[in-house]
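Inspection log for the structure reproduced underneath, given as structure tokens.
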Amino acid sequence: MQHHTKISQSKRSQKAGLPPGTLVHIGRQRAEKAKITVIDYDETQFTEEHFDSIEACFSFRDKPTVTWINIDGIHDATIIEKMGACYNLHPLVLEDIQNSEQRPKIESYSDYIYIVLKMLYFDEASNAVSTEQVSLIVGHNYVISFQEGLEGDVFGFLRERLRNEKGRARRLGADYLAYSLIDAIVDGYFAILERLGEKIELLEDRLVSNPTTSTLHDIHYLKREMIYLRKAVWPLRELISIFSRTDSDIVQESTRLYLRDVYDHTIQVIDTVESYRDMVSGMLDIYLSSVSNRLNAVMKVLTIIATIFMPLTFIAGVYGMNFRHMPELEWPYGYYMIWGVMIVIAVWMLVFFRRKKWL
Amino acid sequence: MQHHTKISQSKRSQKAGLPPGTLVHIGRQRAEKAKITVIDYDETQFTEEHFDSIEACFSFRDKPTVTWINIDGIHDATIIEKMGACYNLHPLVLEDIQNSEQRPKIESYSDYIYIVLKMLYFDEASNAVSTEQVSLIVGHNYVISFQEGLEGDVFGFLRERLRNEKGRARRLGADYLAYSLIDAIVDGYFAILERLGEKIELLEDRLVSNPTTSTLHDIHYLKREMIYLRKAVWPLRELISIFSRTDSDIVQESTRLYLRDVYDHTIQVIDTVESYRDMVSGMLDIYLSSVSNRLNAVMKVLTIIATIFMPLTFIAGVYGMNFRHMPELEWPYGYYMIWGVMIVIAVWMLVFFRRKKWL
Amino acid sequence: MQHHTKISQSKRSQKAGLPPGTLVHIGRQRAEKAKITVIDYDETQFTEEHFDSIEACFSFRDKPTVTWINIDGIHDATIIEKMGACYNLHPLVLEDIQNSEQRPKIESYSDYIYIVLKMLYFDEASNAVSTEQVSLIVGHNYVISFQEGLEGDVFGFLRERLRNEKGRARRLGADYLAYSLIDAIVDGYFAILERLGEKIELLEDRLVSNPTTSTLHDIHYLKREMIYLRKAVWPLRELISIFSRTDSDIVQESTRLYLRDVYDHTIQVIDTVESYRDMVSGMLDIYLSSVSNRLNAVMKVLTIIATIFMPLTFIAGVYGMNFRHMPELEWPYGYYMIWGVMIVIAVWMLVFFRRKKWL
Amino acid sequence: MQHHTKISQSKRSQKAGLPPGTLVHIGRQRAEKAKITVIDYDETQFTEEHFDSIEACFSFRDKPTVTWINIDGIHDATIIEKMGACYNLHPLVLEDIQNSEQRPKIESYSDYIYIVLKMLYFDEASNAVSTEQVSLIVGHNYVISFQEGLEGDVFGFLRERLRNEKGRARRLGADYLAYSLIDAIVDGYFAILERLGEKIELLEDRLVSNPTTSTLHDIHYLKREMIYLRKAVWPLRELISIFSRTDSDIVQESTRLYLRDVYDHTIQVIDTVESYRDMVSGMLDIYLSSVSNRLNAVMKVLTIIATIFMPLTFIAGVYGMNFRHMPELEWPYGYYMIWGVMIVIAVWMLVFFRRKKWL
Amino acid sequence: MQHHTKISQSKRSQKAGLPPGTLVHIGRQRAEKAKITVIDYDETQFTEEHFDSIEACFSFRDKPTVTWINIDGIHDATIIEKMGACYNLHPLVLEDIQNSEQRPKIESYSDYIYIVLKMLYFDEASNAVSTEQVSLIVGHNYVISFQEGLEGDVFGFLRERLRNEKGRARRLGADYLAYSLIDAIVDGYFAILERLGEKIELLEDRLVSNPTTSTLHDIHYLKREMIYLRKAVWPLRELISIFSRTDSDIVQESTRLYLRDVYDHTIQVIDTVESYRDMVSGMLDIYLSSVSNRLNAVMKVLTIIATIFMPLTFIAGVYGMNFRHMPELEWPYGYYMIWGVMIVIAVWMLVFFRRKKWL
């Protein structure tokens, strides 16, 4: 999430003052053209086509089959506007689709349901979590999905299943397709959690063996990724709960059971995120204590050295004085006696420290 | 928010004992006269006038067009009283308009809805967030807005749109105008959040590179700004929710959808504020650890120096003693041998510290 | 709140075992006799009388005018009992009136509403907040207020208004009077908040300029005052909410609007208290960090001194040795050369510390 | 609570596997036989008898008078079983009575209400709070109370009142008796709170005057007692609320008012416990800061001594060198001059530390 | 929970992309075949059989007696599929049974209720808590329990009771059997709590006597076990509450009372876990303070030694100087006088430290 920690709402404030419903792309820019893919199927047939212009896919609107239009790239206002016109979408929905800083949410309109979700990837390059917004328009016989189109998506397996399988996925309607998309996204969260779990374990090992300042910063970044994760996941719970209990006739009874299942998964993700948070904040305590402990260790070394050598140096200093009358200096074995005294003092100190368990 | 951290309720307590509904201005004073601006429009026509006396604008009251009366400066009790008389406002409303220490709130009366909001600016001079209270009276065909009139407002874009555009903004009623004003204020919050986000990033960089006491104080001020921000934003959520669900006939069905949109923005602002709070408190932990770490580093330097030179100084002291019988002193190579011993000890110490990873 | 931090429930436990409804005064004792003041008014007339015996004021009971009986001093069980008999108050109410350790609460009885509140003063002598309990009995045409009678009250302005003004205050009934009393008490809280705000600012300045142990104790006392304040204010919110929504016919429709206003003030007080709590706990963090920082500074001084003088002392020690063969001692410029070496070492150390930004 | 900090659920797990309703005593054992006391009264008569066998008291069951059977000692399964058979109690109730590790709770059955409470004492010997469980079976004309019988009870005053008084307590039914028992227990909590309050004050004084490790451990033990107190008090709130709102005809209308009163007391106890918790955690902060402060003080002493004597010792070392050519040594006043230099350095250092406010 | 701290969701993410309802075993693998045990009983008869193939037990389905089918080992998809077909279970239920990373939950279907629970053991070998998932299918006359089959179960006592007892357990239906299973699991939690309680006590003793880094890590591991415990226990509360209030006719009225009892136990477990959490976090504070205290002690030793010997060494150094004119050196008793001065200084220092309570 390295590049995401750059809190980039630069475009959001530029929008201030524009009338609501104005289409302005907010988020990271992408140079290429938007990609449009249409998958159309029912129990008996399946077609998958790629289009360059959005108009080509309007023909699917009135077909009784289930149509899934996927648009990769939300920076092109024209496409979004045309889709809006064709499918009769509310201007505020179109505005939200283009704003990639949305919070996950669900909104019911008379003919369709609008859902915003966050897709999460683990970016191996930056070793961080990265977010991409997905907007779904769920109608009676179609689902339109808008992606930012940054890094591929998590729907590959789903497409594969639609192509090959002739079972439930093909038999059921657009609501089941929408469920499948949400389920694929939530399944993606588990992969992220596993990566974070591994990171936590690694950090704990480092905490025990060799805690350094970089460990501290890694804990800090981990904490931050958790904050982003929470922002993506928490609203999902309510979203799916509303979706499964909606009184719109778009969602059929049989699908509600599946939505309850994905709801359970969301709860599980939230639970795990909260546990991780607890663990990470526990790690910070450990880190702070280990820093204190090392300071203690350093100070003990200093104290032991000083406590042994200061008295000895003092004694050597005493017999380095130049007084005329210092009888000890004349003693034949004075020098050896003083070495004896010094060794006794040093040993006595070492015993003292051993008893205090400093050695 | 520098000057705001001065918790100035000096006027609030002076009001103690006055009967409820007494008009007393609470807040920062302003010398100039209040400015009155009236914008009156419907789909076909648009007028914008500035008045010196409040009476002049009463003529708009019974027009069927939408009238927006904006009053800059709430310190003038006469104007507020006259407005109250003309538009039949409750004494408690008039009192609240003059009290700039209000919490954001909404109150329904039979003929109008009273809304209090906080407008936020980023004051470049003091590098801090600054607040200004806006009161809205939303009637069937009018909106009256009262501002403290300290630093301009965030409604410039809206005025521009009303002047030029002939679309939705001009076609819809006073409730849509009220929505537009609230939307402009909430849009302003995003700008503030971006500034705070930048500040947080800057502070994090400084934390990593060179944490000083001033970093700590900056974290503290940031935390405080967050506290003020929360106070302004949290009540907004409930406010807009109540506004959009009100059973008053002032708010039309079509506007509710727009209010839901601004409600979502508010949630997003709150979310971001909460994330920032989490980040800032994480930064404090980092700061404290880095202070401990530096203490550790200082102590290591001290300990290394002491541990190397104390034994050497002791040895030099021993051979500085004046005992008559010290055989080593007579040895021809005694001096060189003792240097050898001292170098061995010093090297051995350095190896010891290297192994302990202190060097 | 200095003297209040003495948690004095000494009398509360002595009450254990007495039957419920037994009148026992709990709280700080007062020597003098209780003072009884009766204010009786309607729109046209106003009388204010002081009585020595409680019986004298029973004559007001059946008058159609609004009667406000204020009793200063709750230690006299006889007065309370007689009032209870005259106004038909429940034994538990009488018991609660005498117990000055009550939590703010409201209780509805068939003929009257019983309200307990905390009046707060800022005691200049002890520089602390001090609490006094006020009990209100609100009937159809009377309000009875019981105070501990320790330090005057916050109702002076209200009495003044009743005497002079002929407006709303005199026209409306006992419920409006009760509202006015509550409003006066809540207004008093704002004065306390301002004092606490000033204290916080002062402490923050001291934190930045010269944090000492006494700063720490002041933060601690401030925190404690906040705890007391919270205990007084939090229950108020619910209390006023219940009062304004009561289905008793004692509260008239027009008064509910005023109660909503005082409810808003209460929310504002709570908000401010919570913000202050956040600020004060932030100050503690700052204090702890500044202590650590000063330790760091102290240690740096020590380390610099030791690092410079330990090697120099060692060198001096070496040339203080008494070996017979020490060629350097014979060199004609040996002494000056050794001074040179020592100066080079010292300067090199200073440069080292300068680079480490310790100087 | 010293002996309670021994978390003794040793018996609880031994019960695993037994069928629900099996009577197994869980808790501290008691050697003696259970004591049975029966108090039977109505407005006109009063009898108090001690029985050895439980059968003797079954004769009271069908009397119209109010019967209070108190059983001291829950370790004797036979007695409990017989009571259960006679009063037709549910096996789960009998099981719960014997399990002294219950959480305070209330359960309604058709003929009776079952209540579990915690009685708290301050044990002077161990200077700690000690808990004892009380189970109440409240029927139409009887109350059966089961105590662990460890240390007497808090019902002495109540018994006295029943014996002597002819008023309300004797006139009202079993529900009022149950209320009186609960009230006596809650009154006991106030005594505990006063003791804890005194402990807190004492600890605070010690914190300011002389914080030692034992202070820390006392804070820790206090915190623990608070945890136990909370566990006993929190569920009480809901318990009494349910009891007062029960639709069972066992509780009469007039008693509900008294239950509301004891409910208020419970809230007050909870409030105080929460305030104490805040205070105690504040004390921990103070303790930690004072430890840091003392470290600072220690380090300052060390630094001052080292900073003064290290340069002086170096100078003395320089003039202890044995170079042949050291002109200063030959100067007639060299020795006095060098003393002068050393005194100047020492004074200059002292001034430096004075300016830094270390002295 | 050592091996559990390895956050092992490795299999969970592999499932991504499979259609919902696909049976994939998630969790620790087991090599052996699944064990199937069928207990069938009513008030008069009891049979207990072990089967190798799942088909054998389908004959029990239509018997009027209560049938408990226990399956040890959820890795065998075939068995689970066949059970699903025979008892008409929803594909999502079958999927959840195989996924041992479930959160405790309850789901009502028309013919059966599906419950997921966590069984906890204390693993003596690793001195840690270990979890095993149990799934229950509760029908009108059957209960099917699926265990991971890792380490035996907690149902031994229950089986014993069913075999021997002819009472309630055998008389009541499948709902009571389900209750008994849940009760046995919750009873197991108390054993875990006792073990954790003992661990806490042990750690506290070590904290007081000899806190080391390993103490810190043990606190950390304890905290983690608490996190796992919470995850297992918290959802249980709602689960049992839903189970006891379900409107399905599977649960009979008489059983609801027993479910209320196990609900109380769950609350008690949660309460204890929360208390333990409070205690453990208190221990961390104690640890940190004791580390600081020891640092203080170390620094005091160093400071005392340095403060005594630095001035003495300085004095010895002064009289080791080689100035030609140093009158003290010539004094006949100079050496003894200087010893006197040094002893006076040392004693004076010791008195100073004694007064400062450092000795």
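So that you can tell them apart, the chains are marked A, B, C, D and E in the order they are listed, and the count of residues begins at 1 in each.
Operating definition for what follows: a contact is a pair of C-beta atoms (placed from the backbone, for glycine too) under 8 Å apart; a residue touches a chain by one contact, two chains touch by 3 or more.
Quick caveat: nothing in here was measured; it's all calculated off a predicted structure.
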{"item": "Third chains touching both chain E and chain C", "value": "D"}
{"item": "Same-site or different-site touching of chain D by its copy chain E, using the half cut", "value": "different"}
{"item": "CA centroid of chain A to CA centroid of chain C, Å", "value": "43"}
{"item": "Chain A-chain B separation of Cα centroids, rounded to whole Å", "value": "26"}
{"item": "Multi-partner residues of chain C (at least 2 other chains)", "value": "288, 292, 295, 299, 302, 306, 310, 313, 317, 320-322, 326"}
{"item": "Chains listed in ring sequence, where chain A comes first and chain E follows it", "value": "A, E, D, C, B"}
{"item": "Residues of chain B touching chain A in the complex", "value": "154, 156-158, 160-161, 165, 167-169, 180, 183-184, 187-188, 190-191, 193-194, 197-198, 200-201, 208, 257-258, 260-261, 264, 267-268, 271, 275, 278-279, 282, 285-286, 288-290, 292-293, 295-296, 299-300, 302-303, 306-307, 310-311, 313-314, 317-318, 320-326, 357-358"}
{"item": "In the complex, chain B residues that touch chain C", "value": "5-7, 9-10, 12-13, 15-21, 90, 92, 96, 101-103, 105, 107, 213, 216-217, 220, 223-224, 227-228, 231, 284, 287-288, 291-292, 294-295, 298-299, 301-302, 305-306, 309-310, 312-313, 316-317, 319-322, 326, 328-330, 332-335, 338"}
